[in-house]
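What follows is a set of structures for review.
Two complexes follow with subunit A in common, the first pairing it with subunit B and the second with subunit C.
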Partner chain A sequence: MALPLSYNWRNLFVRRTTTALTILVIAAVVGVLSWMLGFWTALSGSLSFAQDQHKLIVLRQASTSETNSAIPPEESNKLSQLDREVALDPTSGQPLKSPEMIVQVSLPRMSDGGRTRANVAVRGLTDDGFKVHRNVRIIEGRAFQQGQLEVIVGESISRQFIGLKMGDTLDLGYSGNRGYKIVGVFSAGGAPMESEVWGPLTTLMNAYQRNAYSSVVLRLDDKFNAADVIRKVEGPTIQLTAQTEAQYWDAQAKNVRTYLFIVSGLVGVMCVAAAFSIANTMYSSVAARSREFAMLRTIGFSGRAIMVSIMIEAVFLSVIGGLLGCAGAYIYLQIMGRTKDMFGASTFTTMAFEISMTPMIVVYSLGAVTLVGLLGALTPGIRAAKIRVVEALREA
Partner chain B sequence: MTITYVLMQNLKRNPLRSTLTAVAFALPMGIFVAAISMVVALIRISESNQQELRLATHHKTTIINMLPEGHRMKIEGLDPDRKRIRAVCGMRWYGGRVPNSQTVIQSLAADADTFPIVYTDAGMTPADTEAWMKDRTACVVGYGIAEQRKWKVGDRITLDSSVPPYLKLDFNVVKIMRTESRANVMYFRRDYLVESLKSAGVEGGLCNIFWIKCADVPSMRSLQDDIDSSFANSPNETKSEDELAFAAGFIQGMGNLPGLMQAMAIVVVVIIAMVAGNTMMMSFRERSKELAVFKAIGFPSRRIFGIVLGESIFLAMFGAMIGIVPTVILLISFPLRQFGFLPIASLEVSPMAVGLSVAIALLVGVAAGLWPAYQALKLNTVSALRRA
Partner chain C sequence: MSSADIEIKKLKKVYYKDKMEIPVLAGLDLSISAGEFVALMGPSGSGKSTLLHLIGGLDTATAGSVRVGESLLETMSEAQLTSWRSRHVGFIFQMYHLVPVLTAAQNVELPLLLFKMKSSERKERVKTALTIVGLGDRMDHRPNQLSGGQEQRVAIARAIVTDPDVILADEPTGDLDAKTSEEILNLLNLLNEEFGKTILMVTHDPKAAAHAKKTVHLEKGQLEREEFSNRQPMAAAR
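== the complex of A and B ==
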């Protein structure tokens, strides 16, 4: 027979200070844990929308990203050797190839009121770009028109940088003296491209005095395997290099991942400390209640029931602490801002993330902390179960 | 019977609790010392950079856009008497990539004549400067990179560039820079790069950034405005900022790790305070009768206060030691410099960081023991003895 839950619940109030202090330890750990899970979710969510296996980013050999790649138009013509592998535009019948150019503009961050700035990528593309980048949709306003001084901005950065609202004018160009009007906001389902500003290829190349593309993005025919095409691109006749969208962004997210690995390591250590703290509390609770347990055994509760009861009590502690921690993290995000942006590993332009406290994160955090609670309560529980009834009853 | 004896007996009486507390204290303390080390290291680097009185002037739109090298003379022309400007050093990003790998070394081409003046923190001796001026392929390398790549003075190295036109260049290592602030960067002569670029048919006379060594802080502030206004409304407008502001942008770009570490340090202090406080409360609760006996047999209250407080401090210091010592040993034996990624690379344990950690542990020990010790002081002997 199991002990009633109300027994555990009421026990938490017997040693109020100890309970409160333990809960606060757990809350502090879970606060950091849930923030970290939020960031991981934001990162993996963003990358999961950049997994198009049939989108190939062609770069100059020796470059590490679109930022430092330069493909002169005559070089890009060599890609016509791939016309069999590249998908055709159903309307025009032309192969879907999008020559693109990446330049940068330094913009003030909203999160610190413009005190610091970050490099934001500006991508110039032709109308074919929208056919190659299939996941991009205009969610506000309209697309830019070729030949005009117009741009559209990604949903994520429009929320994180100052001066990227619809109707604003963005100064672009090598000298920053060409005013581009923001005519639309686009979504890429959360993919890293939402951290970019898009505009017409020709006017941007002109404004930045460029005569080479940065990359050519291809949409492959479904029949072909990306790895085979990449080999052909790197072969002797083309001598460029290519990556699938997933490979490209995965490599660029290396910085963010390193950052998160560090945080995860620290949170892991904190969780172990929390488990020790719970163990400490439960041991003391078990020691103080040895007569109580002996009595429970005498009236017929099994050792196992007592052990389960101790574990349940620890889970109570953990869950209350966990909820407090999640609430704390939520409040922190509300006050300090949910935005975070980090440079790509070699793009030298920023990737913007938005950390939110989703129900899933609360569930994961509570799950993790319940596990920590159970681990911490395991040995005290065993001790409680093994209590020597007669001796414990005889104790003063 | 000394206080120490009583203290040790008390800790030994419940070894399980002492161990659990010590471990629960030690783990966060390990994090604290690492976190605070990074914060301290970065503060130290930024302080030493500030003393260098350098101003960074780069293109207004973004640092990737380059300025003509002629800007150097124009900047120098703002101060013909050389009252405010010591020297101007133009730099261009080279982004040297280790051949056959994706590892990019932070490498910049710098004006040969002014580099040793602008970068006094590179620690160039007259002999180093001579070697640097004599060999066009000379380069100076921070010790972080040198350790990681196993380069030493006299080595000839080859790097590919990761930026167009991807020039492959050979260098001669003439100096390993030993200062923390220059640990992860490499400089070589810009005249060498310009010539190589020209022979590759590319315009070479461009700089990403001009570093201006100023005479003093007021000069730096006035130059900052003078430079930007003198290039205003030209095709190559500039933005000037001091080294601290310049670095802040990069640190933000790397996820603001120092900010994260500060936050972690605060969370950790909260955790250890709770852990220590919890143990002391528990141990006081169980022993109130014993303390009453001490009082009854004539121990002065002050001494009882000392026993409880001493136990708390001892436990905190012990926990701190077993947390700090292994972390410090680990960080010294495996320097994170090798990961290159900037704010992490500067994580180095300093005596100051260790001192700060010990001080925090001490403070927590005192704070956690204060309330139980006060209660012990006020303990009513008769009623405590009557209890139970």
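== the complex of A and C ==
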């Protein structure tokens, strides 16, 4: 039979300063941990929406992103060799190919009132682009018209940058002196494309004096395997390179993965520090209560019951610290803004996503810190359980 | 109400310190009848507390035998002794050893948590035990809100709440003034005479020992002599 929980709870407040400091350490660890988990969840969520295995992004040979790729129209014609593998447009009966051009523009961030700027991708594409990028839909306004100075903006980016609302005018072009009216907002189901501005291909190519596409995006027929088609694209007759959408965005997230890997290491070190802090608190508690434990053993409580009791106190500490940490991270996100941007590894453009403190993140964070608490309390718990009753009772 | 006799045969206890043998009990024989109130006296180091610990199953003998009621302690494992203590022995310490963060009632309730018992029954037993020791109106007080005498009464209530066969008291009045000591000793007499408890009390104080029916004097781990008191039972005294 275990000791009553009220016993464990009240014991936390006997050594208030030590308890408060330990809770503070745990709260700091959980704050960073939950923020990091939120970041991971948001990033993974965004990338998980770009997992189309039948959308192929064709680039110039040796290019790693659309930004450093250039496919002249005559080279793109070689892709007609893939007409058997590419899906057909049900209305026109033509293969679904979307030649696209991408440039970056620097725009003011909304989060700091426009003091800093970040690169945003502007994509030029034909009407076929909407058929190739199936998950894109207009959620406000309408699509741009070819030949017009009109653009549409991604849902995510419209919330993150100044001047990207419906009806605003965006200056684009080589010298940035042509105003493009924002006529619509589009959603891409959370995929990274929501962080882009889209406009008419030919108009934008002229504006940026481009004579080559950045990429050609193909929609494959479901019957064909992407890997086989990629081999054909990279073969001697076409001599371009290709990646599925999933592969492409996975590579772009490399920077953030490295960053999060470093943060994870830091959180790991903090967890060890928290475990030591809990161990220290519980050790001093055990040392001060040796006669109390001896009395409990005398009246019939087992060593295991006392060890469990110490563990429960550590779990209380961990959960209080954990809840404070989660609350701190939540407040931080509310004040500093939940939208975060990621710099593409080789696109040099921004991908925006929202960090949320989901119940799952709270559960994971509390679970992790509870484990840390239990580990920290293990040795003090064993020490309390193995107390020498007669000697402890004789202590003055 | 339950009670048990105690039979000690050729009991030896040797402690080791830095490979040195320190004999504390040297083949002690002692019999205590059920319902007897015995005081254990003797100079420091004579083995009084060690004997108490061995009878209470807190320590194991080097040789010899301790039987409490039907239980032969040397045949029991540590886990069995722990469980046995919770059912058969009530301990009272000089320093009370109450849990400071719990109320008087919660302190008294602690031993009952080891039994399968409804909460309502536990509460009832706690109330009865605290009423017997005269603290029915201090149930929700924490130890730091009680006097030394009251703390010892709570400790006594904790010792009797499980209705043990034997009460072992190690200098129960050692930290109390004369008046409070008298009250505590009268309480022990009450438990012995009205509830029939076998009580073994270690003390240095002859006035405290005078409350017992028998006083056992130890010297160098051996039984020196036994004295019987002509003390009148409390009911007769009243």
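Methods note: the second predicted complex is superposed on the first by the 396 of 396 C-alpha atoms of A that agree within 3 Å, B and C clash if a C-alpha of one lies under 4 Å from a C-alpha of the other, contacts with A are read in each partner's own complex, and residues count from 1 in each chain.
By our rule, a residue touches a chain if its C-beta (ideal position, glycine included) is under 8 Å from a C-beta of that chain, and two chains touch if they have at least 3 such contacts.
Fair warning: this is a prediction, and the values are worked out from it, not measured in the lab.
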Under the superposition described at the top, does placing subunit B and subunit C together on subunit A give a clash or a fit?
fit
A:Lys55 contacts which: subunit B (first), subunit C (second), both, neither?
neither
Looking at A:Glu292, would you say it contacts subunit B, subunit C, both, or neither? Reply first, second, both or neither.
second
Apex subunit A angle, CA centroids, subunit B to subunit C, rounded to a multiple of 10 degrees, is 90
Is A:Lys97 in contact with subunit B, with subunit C, with both, or with neither (first, second, both, neither)?
neither
Which partner, subunit B or subunit C, touches the larger number of subunit A residues?
B
Which of the two partners, first being subunit B and second being subunit C, lies in contact with A:Lys131: first, second, both, or neither?
neither
Lowest C-alpha to C-alpha distance for subunit C against subunit B (Å):
10
Where subunit A meets both subunit C and subunit B, residue numbers:
none
Residues of subunit C touching subunit A in the complex:
49, 53, 56, 58-59, 79, 82-83, 85-87, 91, 93, 95, 97, 99-102, 106, 109-111, 113-115, 158, 170
Subunit C partner contacts - residues on subunit A that touch it in the complex:
1-4, 6-7, 10-11, 13-14, 291-292, 294-302, 389-390, 393-394
Can you tell me which positions in subunit B touch subunit A when the two form their complex?
16-17, 20-21, 23-25, 27-28, 30-31, 35, 60-65, 95, 97, 102, 104, 160-166, 234-237, 248-249, 252-255, 257, 260, 264, 267-268, 270-271, 274-275, 277-279, 281-282, 285-286, 339, 341, 344, 388
Contact residues on subunit A for subunit B in the complex?
15, 17-18, 21-22, 24-25, 28-29, 31-32, 60, 62-64, 67-70, 103-106, 109, 115-119, 171-177, 208, 212, 251, 255-256, 258-259, 262-263, 266, 269-270, 272-274, 276-277, 279-281, 283-284, 288, 340-343, 346, 348, 350, 396
